[in-house]
């Protein structure tokens, strides 16, 4: 993987921003999707009620997950789907491997699944001689470039078409300089069609799993999940525990919200309901924990498990738009990634809750009303308490807290040179302060308001 | 004594399956139960539903025709598609011009289908999607593998929103079912919309009056 | 009616004219205003960085300064929101609770408490409103663009009362400027890029001034404007509402 292991979000974002033309394009493309989402949502008068209902359904799921899991498992079994349980990524990967090995399969096609990205399934299987091809066009492009997806819905949104043309030239033998999106898509269509036709095993993710009926729904625009699944003799679905919904009719709520929130489409082109294997086909479903039960136990953060992975929070997040998904160095990037990641590895992801201005736009677009920006704030408190914040930050903050709680120090420090210029982190007046790299400070007036007030307003 | 108990508990835990460990952790960590919301108030209206369906379907890149009977469908197919190539259908009425889909052959054999013409039980006005189950598809792969997809629905079967759609579907006795809302598409390369990603390059809906 | 004037620390130091305008405007509108001299800071910089537990001293001091007033008014949405959401005290939770319900940002105080319908202000310039995120999504000073809900804007309504003022329409009505407290230094590159883009939206649409109910956003934008020698200026909304010919 090209991803940097040493730089934090701020550092990786700085690298991304160096190419300003790309950033402007990236920002504009994602903002355009946000605008399409606005138009689509405003065509539904009951939009806000739908969000509220979706949020409440998900609250119920979280609070009753144990029973729904048992019900789902029983119904899957009744439908002839083989159920597996995995506590972590390792176990998930072992299960997939054992299913394939039993059938002597060494090639698999996979549709978009953030969970398998999170588990690094492709690498695991690759080391064991099993070749996996990602069939979602964006994920395929990321795979041939040996990069993880930068966005959960638009995996290669950070790439320009010329770069994709270059990758196709290198990997698929297209003419050098070809960068027309339609022509490139046609080439990929032809290449991947051959993949679908020759793979005996297909793996998909899961968007919604209905406890009541034991079926699961997979949403795509390209039709890649179905091409793989319906041509395979072994079909595997990997899902996080939180993807359960109680009843079939709840799909009406979620499918109305999902695509409109994601891209502004009224529905994804394909919303496929998988219930029973085809005659002669074997179907497996793997229920994966991988930290989800731990998050379930965190009162302040368990609502993050409501996420339906629409990517709406990424499109609206100004920090995401300017910094690119790869700067989050986590499978799930953007605001939602920043509240999910610290649960997985707090130290490694301690920077992510700080990769936000807490502007709150994410919470407003979220179709299941996750209080994302409030959780970002709360994660900061936890990260500091757990000792995961950078040491320098902690010392500076303590000094500031002491001064700000003592009016004497504050006002004495006020005049000459101004206490502020020495103490508030964003105005410390020296060349090392990042504020001054591209910004000036206001020229301090002769007199503060407090000084003026003392002179000019009658004492009371 | 205590430590002994603890030890035996620990060893018991290690014999627990992943399933039991996960379920135990879920039970321990899930909050107090909250109630499911009433969603019965969500419904759409049927005013002008055919036109609304047609309009939405066109905006998602599909073509829709309102027709009187299957003869008109045949004429339109002749007019719009390359009939020298392989055409398959689930409708016996069309068997003079198309091959009937077999539910039992290897799905890979449909790789070269140019056009599939199948019936759908209903469609949804708010998003243009048609609902299909394996029974209607003939084979699950058909509506995905064909180069062009044509669907026949009746005008009165159109429902306003997904809420009415799921009311119709109920729990369902199918093995596989799906909504299909237009030709397959991608915008993964620079957000440029391209119709025909992996599935059909075009989708046509014939609405029988 | 007596209002305690809460002047955030950086406004006190860097933008005393906005504080003076706030004081004068409130007086003009008949409010008895007192400025408690021992105030420092609301504690937001610590809390937003994850050091909420260090802000207890600031909280107690704030309570000492501001309990007893009918209202507490500040020309800063961000600091007001912080007090509303996070002012607590182990010793004096009752007083803290009262303060949390009595603290107002200037625009909301003028709109919701004083119910101002008319202003005697003149400002013959083209002005763009920069909604601070805390003012918009925290205090609901205007409708948020993400929601399917009827539009309104308290600052716009007040600026409509100012003679000669022309409000410009921005491409992105409520995009964040990238200040974000310590974010502005911790994530310098992103912060500045966001600020630059916010400035461009205003210049592109012909603004002479960017106004806001938050000087923290404006300080950040001014820093960028000044460095780039732009003729576009920033001004706190209190100064516009208090301006005369």
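Just a few scattered comments:
By written order: A, B and C. Residues from 1 in each chain.
In this section, a contact is a pair of C-beta atoms (placed from the backbone, for glycine too) under 8 Å apart; a residue touches a chain by one contact, two chains touch by 3 or more.
Quantities reported herein were computed from a predicted structural model and do not represent experimental measurements.
Centrality by C-alpha centroid: the chain sitting nearest the overall protein C-alpha mean is A.
Taking each chain's centre as the mean of its C-alpha atoms, the one that lies farthest from the centre of chain B is C. The centroid of the Cα atoms in chain A and the matching centroid in chain C are 32 Å apart.
Inter-chain centre distance (chain B to chain C, centres taken as mean C-alpha positions): 50 Å.
Note on chain placement: the centre of chain A and the centre of chain B lie 26 Å apart, centres being C-alpha means.
Contacts with at least two other chains are made by no residue of chain C. Taken together, the chain A residues at the contact with chain B in this complex read 29, 32-33, 46, 49-50, 52-53, 56-57, 59-60, 62-66, 69-70, 85-87, 91, 135-138, 141, 154-157, 159-161, 164, 181-182, 184-186, 189, 192-193, 196-197, 212-213, 215, 221-224, 226-227, 229-231, 241, 246-253, 255-256, 263, 265-279, 287, 289, 293-294, 296-297, 299, 302.
Contacts from chain A toward chain C in the complex involve residues 9-10, 13-14, 17, 20, 23, 27, 31, 38, 41-42, 44-45, 47-48, 316, 318-319, 322-323, 353-361, 363-365, 377, 380-385, 389, 393-394, 397-398, 400-407, 410, 414, 418-420, 424-427, 433-435, 437-442, 444-445, 447-450, 452-454, 457, 460.
Those residues of chain C whose C-beta lies close enough to touch chain A in the complex are 7, 9-17, 19-20, 23, 34-35, 37-41, 43, 45-58, 60-61, 133, 137-138, 144-149, 172, 174-176, 178-195, 197, 219-220, 222-224, 226-227.
In the complex of the two chains, the chain B residues touching chain A come out as 17-19, 21-23, 25-37, 39, 41-42, 56, 60, 104, 107-108, 111, 124, 126-129, 134, 139-141, 144-145, 161-163, 165-167, 169-172, 174-192, 194, 196-200.
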